[in-house]
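Mind having a look at this structure? Questions to follow.
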């Protein structure tokens, strides 16, 4: 058994790297959104031509990004959704809802301060982790049955 | 043709009432979450017994609320998701993702200031409205073909 | 047994009226797109505010109209798709593809001159009719077993 | 992450070649319909025996071709639909509707002159491109996160 | 609880009437194919115009009939499939396979002489009955819990 | 909003009656298995003829009962599964797994002594209740937003 | 593009061998039922123990065989269903109905004498072939675009 | 044709090993739950932190284990469910219900003493085996057509 894991959410800290490096040696294939913030914001107009209104500038980019996001989530066995301490992060919660409706296993990675605000999201998940290393331990256990010593 | 419309999101302003009263005379059946904030927070422990930890207090409530939320969204033809100016509102974005994955038509009701933060959510929707009355006009047009004069 | 029938396509001739009046007395519920051409083109900007670019003007309208179109096709048992002699009518063919993928029964109503250009669409349908009255006869037969005398 | 991309629509210009050669080095598997016009028209009767009526000649061919078309679209992550400047191209719009109902990501490749006639098709897509090279850039960005410099 | 029951198969004996009259007073809605053999064979050409070849004559009729058959089976909770002692009855077995793939409950009504030839069909069913009255008793038990005295 | 509620599991105590009478006045439609133990065991052979082997006697009955069980669970918005203190009750756990795979909301009604043995079943549910009256309170809250005073 | 092709139906002539050998060099993976008639009839009791009644002997075998049949059909892109000149062949028609409900492409391989009796089955298929070599030519064309010269 | 086989249920005897070693040489990929009882019970708290209440201790573990269980069952062609002579084994019955709702082929492995209590579970399965070696023989037959000599 191998796992496809989609890493959704916050793009400003190194949580993806910590999970990916921690999971080395496990049969896991990771995917995730484009994490270059500027590229992610501008991809639509950079490829398909500029827009006067920011609203349509955003729309073009969001639609192009959704090609990657949908593919990643639909192919995933496990969707990890990270909520950091800053920004609205509505796209993370949107990904979580999308994954839940598809019946995907979910792990929410968030600091305790968000517990109440994320209670509906947490309740749809298989685990609420505080640190990326806990996500790694879950993946290791699911794949090998081994617990941290 | 009649429409089932689920009204998701913010519970602190009168947007639901404005839509429901504006839509009088149209063949629309509305549903939505429990909007009594205290009841919504405490329903789990009030019925099933208290918890020492807030985390499980929240979990019990969120799971009970999900019975209503899922039923409402799954039965809906149109899901309206309202983002207000306060709070994290991650459950609103979660509902939007859930509805999108089920292929529901969506109308996002939000102030312009959220445009960039909601760009992924907006891009999955059929319309982005600023005022509840615009939602009413969309429902009226979809059902009757009449535009505002 | 009753039937929900969605009438897709051409909006410039009276084919819908001929089918609906011909089917009086049968247990059929008809639906279809908004057939007021101007309203259909402008619904997005009329409700949600104007756009400088015709491209986004069209986008807003098409998305609002899709709320009605999707609901109608998804609820339908039979989708009738009419191709007239003028215009590109790509939305009619799009509806046909959408209905085919959902496994809906389809009746294509088109003049013989389109036979070759519509061969893929015809091949996905249960019937190719030339006149609205033939569609009525199919509905009557499906519901009652009676053939035209 | 790799992508399966189905190239639907116009068969009289070199747009497929431009996309395929442009995408060399990317992890993309392309598929598409049989683009030999005569073979595509005659495949049914050439294999299964001739027909007196053109209508059934067409039907036999369209059904045989649908084996390939369905397989290609159902396996695809992204469906690119090209509308050229000539012919009815209803099968292209039919493919777009079919892909939309399956929840596929779509890129529409069409000249600006078709914008209004294709507004419903465009509104169901993730991108509207004017040149094959823009499609290549979208695929490159989705797979690698790199934008054109 | 009420039941939609589709009665598929043999059209030359009175088994449908015996089930329908036996089930009077139960909350059952029955549907089935057109049982007028001549109308069923000729419906395609009678409505849509004649064909020189019997093969296409049959095709047109079979496709029109499939509108009713699909609707009936897809709406059914229980599909009863009757195999008589004569004819090939491949359409009955086809309906059984169609119903099985949709996860419908099935009751096969057939004489013992067909047991071996129908073993795959029987194995996909909830019951194999010999007489229409047994089908009635099953429906009565499923709806009311009462067994024959 | 009304709810279809399927009451699965134990048939030897009055829990169903307590829920149904407690829910009077709420917009709930209840269904459940045949609760006459003898009828449920013998329905297959009583209608379709006796069997020498108990194994096939049981098989015939279980298949007939599955017509009602499937219909009830598939139509349900909420599946309540009751585990009593006696017997194996594997069919209750089977119903719970079936409901979970269909994405139904579930309420498990069980005494605390079963908590560990039912942990996988509980974890797939929206609520674990100890008394039938708690189930009633959940239904009341979900439908009306009112909590027990 | 490669194809998974399931070969259903008649087991007494060499049609499977003719298709498989004819398709050498094409990217096709074939599957089909166990074609050893005696093994197919007796597999249930040979593995799981004998039965006094032929009815249950048949049931045990049919259920074991269904593991292979379902897997083969569900994995298939194309289902070829062969009707020979002898026997009832209801399992072939059952497979066709099963495949049709799953939206599989189908090729029916049958002699002209069955045309009328198979009209419903034919109407659900992409092609009706008379000889195994025609099936090979269809597969070749679908995969390579080449027609027989 | 190869098979993915999920081995669900009892973890205290060597039935899994007997199946896996017996199936050597067959194209079968096996999966199953974590069979280290202590690890399976404690995985949630060992990774994500301890709980005061056993109820939530169990919940955390059950949810983490469900990541593996769901993946295994959803990917499986055949689910083997073993009921031993001890414990409640409700999770085995739950897995069986889950697999049945997904349309998986099932083999129940159980001693005769459970026949009546498991009649609903047995009735949803393709085979009821008494010994692991019978499961191996079924897999061998399904894959190769060979029966035990």
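Each chain gets a letter, A, B, C, D, E, F, G and H, in the order it is written, and its residues are counted from 1.
The rule is short, and it goes like this: contacts are C-beta pairs under 8 Å (C-beta built on N, C-alpha and C of every residue); 3 or more make two chains touch, one makes a residue touch a chain.
Chain-to-protein mapping (UniProt): A, B, C, D, E, F, G, H = YtoQ family protein.
Please read these numbers as outputs of a predicted model, since none were measured by experiment.
*Asks:* Select the interface copy of A-D from among C-D, E-F or F-H: the correct pair shares over half of its contact pairs, counted by residue number.
*Replies:* Repeat of the A-D interface: E-F.
*Asks:* By the contact definition above, name the pair with the higher C-beta contact count: A-H or F-H.
*Replies:* Contact tally favours F-H.
*Asks:* Taking shared residue numbers divided by all residue numbers at the interface, is the value for chain E (YtoQ family protein) and chain F (YtoQ family protein) over half (same) or under half (different)?
*Replies:* Different: when the shared numbers are divided by all numbers used, the fraction is under half.
*Asks:* Any idea how many Å lie between the Cα centroids of chain E (YtoQ family protein) and chain G (YtoQ family protein)?
*Replies:* Chain centres of chain E (YtoQ family protein) and chain G (YtoQ family protein), defined by C-alpha means, are spaced 23 Å apart.
*Asks:* Measure off the straight-line distance from the CA centroid of chain B (YtoQ family protein) to the CA centroid of chain G (YtoQ family protein), and report it in whole Å.
*Replies:* Computed value for the inter-centroid distance: 49 Å.
*Asks:* How big is the gap, in whole Å, between where the Cα atoms of chain E (YtoQ family protein) centre and where those of chain H (YtoQ family protein) centre?
*Replies:* 37
*Asks:* Report the inter-chain centroid distance for chain G (YtoQ family protein) and chain H (YtoQ family protein) in whole angstrom, where each centroid is the mean of the CA atoms.
*Replies:* 31
*Asks:* Specify, in ascending order, the residues of chain A (YtoQ family protein) that touch 2 or more different other chains.
*Replies:* 63, 66, 103, 128
*Asks:* In the complex of these two chains, what residues of chain C (YtoQ family protein) are touching chain B (YtoQ family protein)?
*Replies:* Residue positions touching the partner: 31, 34-36, 39, 42-44, 46-48, 60, 63-64, 66-68, 70-72, 75.
*Asks:* Which residues of chain A (YtoQ family protein) touch chain B (YtoQ family protein) in their complex?
*Replies:* 54-55, 58-59, 61-63, 65-66, 69, 83, 87-102, 114-124, 128
*Asks:* So in the complex, the part of chain A (YtoQ family protein) that touches chain H (YtoQ family protein) is made up of which residues?
*Replies:* Those in contact with chain H (YtoQ family protein) are residues 1, 3, 77-78, 103, 105, 125-129, 134, 137-138, 141-143, 145-148.
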